[in-house]
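Single-structure report; data block below.
Labels run A, B, C and D following the written order; every chain starts at residue 1.
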Amino acid sequence: MIHDFEPTTFHLSIGSHEPVLRVASGDTIRTWCVDSGGFGPEGEDLTDGGNPMTGPFYVEDAKSGDTLAVRLDRVRPNRSRGVSGARIAPNVLDPMFIPEYGSVDQREVWWTLDLDRRSAKLEDPPAGLASLGEVKLDPMVGCFGVAPDRGQAISTATSGPHGGNMDYRGFREGVTVFFPVAAEGALFHIGDGHALQGDGEIVGTGIEVSMDVEVTLEVVKKRIRWPRADDSTFVMAVGNARPLDQAVQHATTELVTLLHEDYGLDFPAVSTLLGQFIRYDVGNVFDPAYTMVAKVEKALVERL
Amino acid sequence: MIHDFEPTTFHLSIGSHEPVLRVASGDTIRTWCVDSGGFGPEGEDLTDGGNPMTGPFYVEDAKSGDTLAVRLDRVRPNRSRGVSGARIAPNVLDPMFIPEYGSVDQREVWWTLDLDRRSAKLEDPPAGLASLGEVKLDPMVGCFGVAPDRGQAISTATSGPHGGNMDYRGFREGVTVFFPVAAEGALFHIGDGHALQGDGEIVGTGIEVSMDVEVTLEVVKKRIRWPRADDSTFVMAVGNARPLDQAVQHATTELVTLLHEDYGLDFPAVSTLLGQFIRYDVGNVFDPAYTMVAKVEKALVERL
Amino acid sequence: MIHDFEPTTFHLSIGSHEPVLRVASGDTIRTWCVDSGGFGPEGEDLTDGGNPMTGPFYVEDAKSGDTLAVRLDRVRPNRSRGVSGARIAPNVLDPMFIPEYGSVDQREVWWTLDLDRRSAKLEDPPAGLASLGEVKLDPMVGCFGVAPDRGQAISTATSGPHGGNMDYRGFREGVTVFFPVAAEGALFHIGDGHALQGDGEIVGTGIEVSMDVEVTLEVVKKRIRWPRADDSTFVMAVGNARPLDQAVQHATTELVTLLHEDYGLDFPAVSTLLGQFIRYDVGNVFDPAYTMVAKVEKALVERL
Amino acid sequence: MIHDFEPTTFHLSIGSHEPVLRVASGDTIRTWCVDSGGFGPEGEDLTDGGNPMTGPFYVEDAKSGDTLAVRLDRVRPNRSRGVSGARIAPNVLDPMFIPEYGSVDQREVWWTLDLDRRSAKLEDPPAGLASLGEVKLDPMVGCFGVAPDRGQAISTATSGPHGGNMDYRGFREGVTVFFPVAAEGALFHIGDGHALQGDGEIVGTGIEVSMDVEVTLEVVKKRIRWPRADDSTFVMAVGNARPLDQAVQHATTELVTLLHEDYGLDFPAVSTLLGQFIRYDVGNVFDPAYTMVAKVEKALVERL
């Protein structure tokens, strides 16, 4: 079943908030999200900024200990302007270099989006970028996830086992992301659209934009500990923590567990395989919690 | 000029050791390296293990404050067997998971290499990997660099501004790597060949193999602070440190500096560009010091 | 005014929960807390474990941006048995050592408390500790704080700018702790009593015990960013984060700010003073977020 | 036997340098050290700055795998002026605060030392510190240790298993420090005297001063992995690494091993004891590698 949902309230935390819609496992939701600043499809100021979420959506039959599969059927910017930061976050620079880097007056830049051509152009390029010209969009979801355990409500500025503000470029249209359900109904939230983003979200933003999204939610009766994902090419596991070393530990351990439990490989086999074929992608290195993705080619795993 | 050099001594640290050969800037050296365990092209035990280095090579006219450009003209495994670890390093796993992961009896696995087909096969696959079959090689240099400052000699188990054991898959044939010279003659060392390696070198090895290498060394009269690299597609900067967060800081700062100094971009332009286009690659997350590579597409930068 | 309060509900997160009592600034509350496992003064199982909190207490006139001063007038274990962990947490051990350390069968040990003598004895000492005999208690509050911003509710397993599970030995009777108010009424929570605890809470517990507490709450019309504290000897600032390096950054920055704003010292003076006189104490290194305390002697500061 | 030794050469790394003196196990050496900037007892500029070391001293019969016990018999500043930094290192401040903290013009301050009264006074106090007056000295050794393994020579700016620049206040007169020997003769180095220092050496210096030192060196036929120490009150273990979390792991693991091997406690006993009685002290949080000390009261351990 397909639900069309018009959001009117938005949350700055992911938690056990009152559901805005109840859907069955397997249903699809067509809705939209304001941008990270709370601005809508017409650029109108709809709510406080800081990654306001559309939702939460209650999924029938989802219980703590289950997994929620979220297929990103459609992730499309829905307006023709986006904004990005123009200052690299101090936490990704050498502390000794920060005073030299100093304060950068121009703190944000605007981009004109051509939704048909799926491209963007700087409106008023900083000196030296006039010739950058048209760049290709690669739309993605910055922040989404399910209610965490213990009745917590966690700021959409950060991330954890429940998902949240992971800012991973790989969370684009066509990908399925899996979240560990910790509250009845899963309580799925989504927002923080980026028309484009570099690794790490090191200026604190992608090209921030409101977007139309379509997601299919399905309850899977298995337990995972950290988000996982699947695109046409890779199986992935996500770790959210700081330092990045700990995110590496979470992501690697979850990928090991995935290969062990889902593919029946024992640990020497997992080690031999991942030792030569694992890939790491960096999500957010801006938030309180950083994001690391560990992945391995499906083609390789499917030989086994 | 091309020098053919037969190594007879090997070093377990990168430092101000007696040069084995003096070359001019622009010269090419054809030589070979034992594998990380000290075994040679015939599998013969030639020296103590732990990443023994061929070199150091003294480059005329290289002074502290200069840069040594190292073009990897040829990086080829030179024997038909390689070995890899079969246990993921505890430091990349969740501490709570380590006791469950436990000790893995089979601690190494052997691969047969087909140098013509540039592929490898497990000789005695761990249970579950029998059907893995033939995999493609992607040879690379695990450990190389120049003598560090202060007359230091730093173990080839780790890395730093001088290079060292970075284990980055991207250091393959055709790439040019730049090192900050800190001692007269630069004193270039090279070794630790991998026929294949996953990101992070999380089993503590790639497919370890002796190899033939050919490098062209050139002195550049400019100052860099961390290694840089250039392949046909990306300009890169490398950070070596722990935690990985600090490696991110070093690599990002060096890439910022590169764009600022070499391409004349001021900081708002650098920020705007890298914010949407930076890519991070993970080198070693096994060593005392971890390695992170920050990079951006040359095509993009060359538009500016 | 003194309020006697009997708790009947307990929270596993610190957040904007329904207040259990409203008090005026300057009022004192006499109440008690279950232990971290949810057990009460008679050892009765009263609620789910995981640091259940008494509260929240709403303090009239406390607004976001204010500070809540919490004077710990009385912190007393109120029963004659306590329990502690008997296995050092893997995250504070070398990853390579964890398999050797292995699983420890005896996972908790019980202590008999003599409340008059303020001492404890192991009930059934692990081999080798029979002669440990009587040890002195040093009761403290493990977890307390105020509702965080954005309507968040954060697990009492962790900590942040709002306080939470800091497990700092210095939070004992007689000390005043300051929290940054982020929600109307401040919403103060308290629990997780320890009759004794080593630095770092490295076995995941102190001697866990229910306790009687008496606190005086006062609203201060100033803004702080991280918890601060004052005992008779030191002024302190607290950082909660992981890695510990970041907790050091938060605590040091808050202490610098304290000396700058409250004592009027400019940065060269602050630097000169702290450079030779700062002291660091380690709180929790067990939780998701670690705790570091930066402090300086009051006697020294008061000379200025 | 007591040796009086006049240093004439100094090293900026700790490594397998030519010994300046050979002594027997149990011998005492009376010598002196330049300050961290290379200035001697008369303030004369004797060598390049950056923690120049006196030594190395070769101790007969010390083999790799042994332990060198270094008793600090005497640690005394030997001139009447010292210098300290006046700017907190950026790496211990919140990255977002660094631009506000900015550059501090006055980068060092001088102190007059009264060696008889064992006190210091600021010569030209930064604004606000005029009334600080006389402060008590607490002299200590900032940097000392033995040659590392693999023939390495490691900069005296950093630290490791071999010791090095640990800057721990507890390394004062009367304390015995134990180093793991990794090269024949141990090759002991010492320097970097501080007349006073706060925890963490957060301005990059203590009160830097040349000093007279007297040390008794003894070879112990046992293996340790990280430095240990013993004063009249505590047994201690030292971890040197970054992040501080890893230094915690090294120090805790070494203290666990110490209690297990030297006192025969099994792991549940060690856990129970350290859980309630461990103390952590912070050494250097300025260097590439940070230092953490884990310790426990001798009186407590000796009951067992």
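Going forward, a residue touches a chain if its C-beta (ideal position, glycine included) is under 8 Å from a C-beta of that chain, and two chains touch if they have at least 3 such contacts.
Given the structure is predicted, the values throughout are model-derived calculations rather than measurements.
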Per Cα centroids, the chain farthest from chain B: C
Selected interface, B-C versus B-D, where C-beta contact pairs are more numerous: B-D
Distance from chain C to chain B - Cα centre to Cα centre, in angstrom: 46
Distance from the mean Cα position of chain D to that of chain B, given in whole angstrom: 34
Residues within chain B bordering two or more other chains: 91, 93, 95, 102, 242-243, 245
Interface residues, chain C side, partner chain B - complex: 89-91, 93, 95-96, 98-99, 102-103, 243, 245
Touching residues on chain C, where the partner in the complex is chain D: 84-88, 91-95, 97, 101-102, 104-106, 109, 122, 125-129, 131-133, 135, 196-203, 205-207, 242-245, 248-250, 252-253, 256, 263-280, 282, 285, 290, 300, 303-304
Residues of chain A defined as touching chain C within the complex: 12-13, 15, 50, 148-155, 157, 241-243, 245-246, 288
